[in-house]
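Common to both upcoming complexes is chain A, partnered first by chain B, then by chain C.
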Partner chain A sequence: MLVEVAVAATDHDNDKLSPPALTVGSITLAALALPGLIGVAHADGAPTEGVISVKLQSYDDRQPGLDRIRVIAPSLYVLAPVASNWALEASLVHNDISGASPRWHSAISGASHMSDHRTAGTARVTRYFDRISVGFGGAFSEERDYRSRAASADVRWSTPDNNTTLYLGTGLTRDDINPVNGVVENEHKRSNEFMVGATQAWTRNDLVQFNVGHVVASGYFNDPYKLVDKRPRERVQTTALARWNHHIEGLGVTVRSSYRFYRDSFGIRAHTATVEGVHPLGERFTLTPSLRYYTQGKADFYYDPVYDPAIGEPYPPGRPRLSSSDHRLSAFGAITVGAKLEWRIDSRWSADFKYERYEQRSNWRLGGNGSPGLARLRADILQIGFSRRF
Partner chain B sequence: MTSSRLLYRAPTRIALLLLALASQVISGCAMQPPQAFEKGNLAKREMTLGSDPLEDAFNQHVYFSKEAASGGTGVGGGGCGCN
Partner chain C sequence: MEYVAGDDAQDHRFRFAAMASLCEVRLAGLPRALATAHAEIAIAEVRRIEHKYSRYRPESIVSRINTAAGSGEAVPVDAETSQLLDFAAQLHALSNGRFDITSGVLRRVWDFRAACVPTADAVAKAMAQIGWSRVQRTAEAVALPDAGMELDFGGFGKEYAADRAAALLERDGATSGIVNLGGDLRVLGPRPDGSAWSIGIQHPRAPEHTIASIRLARGALATSGDYERFFQLDGKRYCHILNPTTGWPVQGWQSISVVAPLCVAAGAMSTIALLHEDAAAVFLSDQQVAWLGVDRDGNVLRRGVSA
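And now, the complex of A and B:
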């Protein structure tokens, strides 16, 4: 979610090297074909300049002794002001995916190896009024075995002093699922989302935001490529997110932090905390180290790698009605450490490079009592991008 | 102390560090909404919530495919077969 504070009535920096987002002003940028990515933005003036950004992103994960999934993803983002009160945004990403996923718990077999392609895009239009903005968006995602369509609408309202913005958003998602192994055909998933939020300019150096989201979904939630995976056909998710940006005047450093609480009807409770610091290095470079910690409890129907004594792997003892060996539903913790270097080439162009190391471990769950018997997971995430204002 | 015990405590220490950091800053920040002429720092790009949409999208895609929790930042992004 993108939120620009209510700065339309303020003086921007006089720095001619101002990066794109500074002059983007109060517009919604995040409209990407991923869950929960259409952002909450500010309601004041429409953007006066456009932005075009490209990135090449990669993700590479592995467990001990085994390379797993590799993703290469070129992506494109465009923001274009139209007339004086409209803004159009669009994004496009293509994923080349190859590797192997566990068929149960940490088990990789020959049948697990796969390659796939995913193309996803978004489009969004925003109309700006005096103190209100109204946005409509659409998104799609296409894979060989999975198709998703989404639509959204949101309203933002700013107070006359531009220090507070309230947000109300709703979205619909319709997914069609046709796995290549033919386990099921023409399955569907439907989601209805709602979110309310508030953003407050707390002081001249502090911006805070609080959002509450609710998702009611029904349909096919099983992983068709995992053996013995039977999940409920309904899922209700609730999130509460707090974000806080603090600028330290004496140092010129900006500290950005967030905390998210998550719970769902699968029985999962999760906490996510992030912190990063934007450090200027001269006039043209910034370095942003970042740290993220995530912890979750297991789903009610997740079973540990203890198998039925008569049938053996991968069947859980007693053959319960609902069960899953998906490690993503187990109890674990994860830590991401990274750094981003940004280079403001001139008043129009900028470039950035980011590296992150991600690792999951059962005993990194907060409190330490994670699910037993799972291999740790490590991943390298690389991103390189260029951006230009116009 | 063994390395396994250190790893066991790593997330707890990180959580405490984040909590201490937040507490320290909050304690010194009574709400003082700025006047229009005081918003220069708030206008900086790095103060934007979600200033890099492509980066945010990719990271959320990664986490969506590897963790059970998702969302919180907006609505209508759509789904994918990665989870």
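And now, the complex of A and C:
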């Protein structure tokens, strides 16, 4: 029977000093055989608890005078530890899309109203070794006219102090495209992706990450629902990402910032800067406001739509070999402002609410030289989610 | 659970009562919301063990085993209980019978409130019901042969709970803090700046004061002493730590604190050390642990622990 000791662990010792020598006697050895006393202290260790979460996301976008697309997407995510060194993750999302197709820029079988649904899922299995984890994943996405299958593999390696993690990943995607308007049949797209990255705990309060990705893809990139849309059959994309998470001790706030550079063989150059602040509010709530700015230059073969009151829909001047008027290939800038509130209901349940407002305008491009003739686009994204640990 | 701010905005202390003690989970280097989430999981684990092994709860596994004593019925036990019984068996062997989880029956004859020394006859009768070697067990079940025999996990239950709670915190990524269950504690890791925690040892004769402090950056510390329950009669002190081989309270030390990698080991060693009386130092040296003792005259002895 042991007795109480007043524990006054309050005197702060600034002088570094080694702990008392901990050697092992027979009673210590006997105690080590007891179940569950030694925790897994690895930052990147195998999860020992499962998570199941359900989220409902609504996406609602519009252009001036036109409510365009509404997407309601319920999703399900499951993370289950399997045995002691394996983890299995799976997610499933189903979108119902309805609404008008983007004004002026595309046409689908003469109809201006679209309705579709998409089902997508991912599965991933990870094997954790002492310092290394190896993951394999698969993904599918199914729409009426578009089918995608993907496989990936990655390796992560952590240094013994867990301060540095290196990442190496590769992926393969194959898409089958069968547009309902029959412009093409059984078209394919194939892409190979490679990624390397490093995460470094710089100080106690700073975490930095760099990664570079490279995608080589070939196949059918055209938008079959656009009247004139001819794009190259090869696309090479490169991205570089730098991330910095900084914890401000005095305020208890963590600031996450990142910068991403993108370029591809279509001629698009894009920059994204994101900053968000994680503010704990009392014991149960965390509020994370975020701001993101995106800017891109147009693709080499993007042409500015010219509207003719007599002819109507725009056609590219002349008959260029490649051309597209897809607004996603135009030059524009976009700002996303949002906030996420996380509510930890108890030790098992949590809920989150997220709202984001996205707005895209040609003249918000960095330097202001956006593509002319494009209406601004606004979208509201609302998400409600619940998760439970088990 | 009561929240008490620690030394800075990233130091959080969660106090609660469990196992008849004041307990605290202290976590540093984390935002409060995250620390709260961690602490709730750790405290739930302490309560789970308390419910499962308390002899004051009729539905606990220990109560069911004790109630079935003498009935000839073997009570099925789960793997965790079976492993704790294995540990008790090893402690019994390693202490030459001094640490015996069936010795709780001595409490019936040593009444610390009445403050009187029992008769030799009463002590002998109680002694007849002690004996770990008479406990009948397999890996799946346990039976006590005589009505009146009792098992008591009080000798390591609290320390086991501290280790389990600490392991959950470590698993969840907590690297700085202390799980302290009534003075038996496990340190998760040093303060965020890398310095050790300074842990005060209660003065055995002045409960409001500390007699010494020990610096710990990791590992565990547990203390046993003669001051939790005792009475004085004719100038002699009779404490609640009873030697199952004699039936009498131990003499020789006011308290012994042991530092070990695990709290359950530190707790067992501090108790067994007191049961060794004058041979405590030899026993602890054989176990190769650091310790701090307050001898019968109140002198502080340190072996391998820094102030």
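Criterion: the second predicted complex is superposed on the first by the 331 of 390 C-alpha atoms of A that agree within 3 Å, B and C clash if a C-alpha of one lies under 4 Å from a C-alpha of the other, contacts with A are read in each partner's own complex, and residues count from 1 in each chain.
Simple rule for what comes next: a residue touches a chain if its C-beta (ideal position, glycine included) is under 8 Å from a C-beta of that chain, and two chains touch if they have at least 3 such contacts.
Just so it is clear, the model here is predicted, and its values are computed rather than measured.
Student: Regarding the shared-chain residue A:250, is it in contact with chain B (first), chain C (second), both, or neither?
Tutor: In the superposition, A:250 contacts chain C only.
Student: State whether A:166 touches chain B only (first), chain C only (second), both chains, or neither.
Tutor: In the superposed model, A:166 contacts neither chain B nor chain C.
Student: So in the superposed three-chain picture, is A:216 touching just chain B, just chain C, both, or none of them (first/second/both/neither)?
Tutor: Neither chain B nor chain C is touched by A:216.
Student: Which holds for A:125: it touches chain B only (first), chain C only (second), both, or neither?
Tutor: It touches nothing on chain B or chain C.
Student: Regarding the shared-chain residue A:204, is it in contact with chain B (first), chain C (second), both, or neither?
Tutor: Touch partners of A:204: chain B and chain C.
Student: Just checking: does A:134 make contact with chain B only, chain C only, both, or neither of them? Give me first, second, both or neither.
Tutor: neither
Student: Going by the contact rule stated at the top, is it chain B or chain C that touches a larger number of residues on chain A?
Tutor: B
Student: Quick check on the superposed pair: does A:346 touch chain B, chain C, both, or neither? Answer first, second, both or neither.
Tutor: In the superposed model, A:346 contacts chain C only, not chain B.
Student: Check the residue A:284 against both partner chains and state whether it touches chain B (first), chain C (second), both, or neither.
Tutor: So A:284 only meets chain C here.
Student: Which residues of chain A are in contact with chain B in one complex and with chain C in the other?
Tutor: 1-7, 9-13, 18-22, 30-40, 204, 249, 254, 278, 286
Student: Over in the complex, which chain A residues touch chain C? Could you list them?
Tutor: 1-28, 30-41, 43, 45, 48, 204, 249-252, 254, 278, 280-286, 344, 346-347
Student: Sort out for me which residues of chain B touch chain A in the complex.
Tutor: Against chain A, the touching part of chain B is residues 4, 7-8, 10-12, 14-15, 18, 21-22, 25, 29, 31-34, 36-64, 66-83.
Student: Could you list, by residue number, the parts of chain C that touch chain A in their complex?
Tutor: Those residues of chain C that touch chain A are 3, 7-10, 21-22, 24, 26, 29, 31-34, 36-37, 40-41, 44, 79-80, 83-84, 86-87, 90-91, 94, 154-155, 158-160, 163-164, 166-171, 173, 175, 178, 180, 182-185, 191-202, 207-210, 213-219, 221-225, 227-228, 240-241, 255, 257, 259-262, 264-265, 267-272, 286-290, 304-306.
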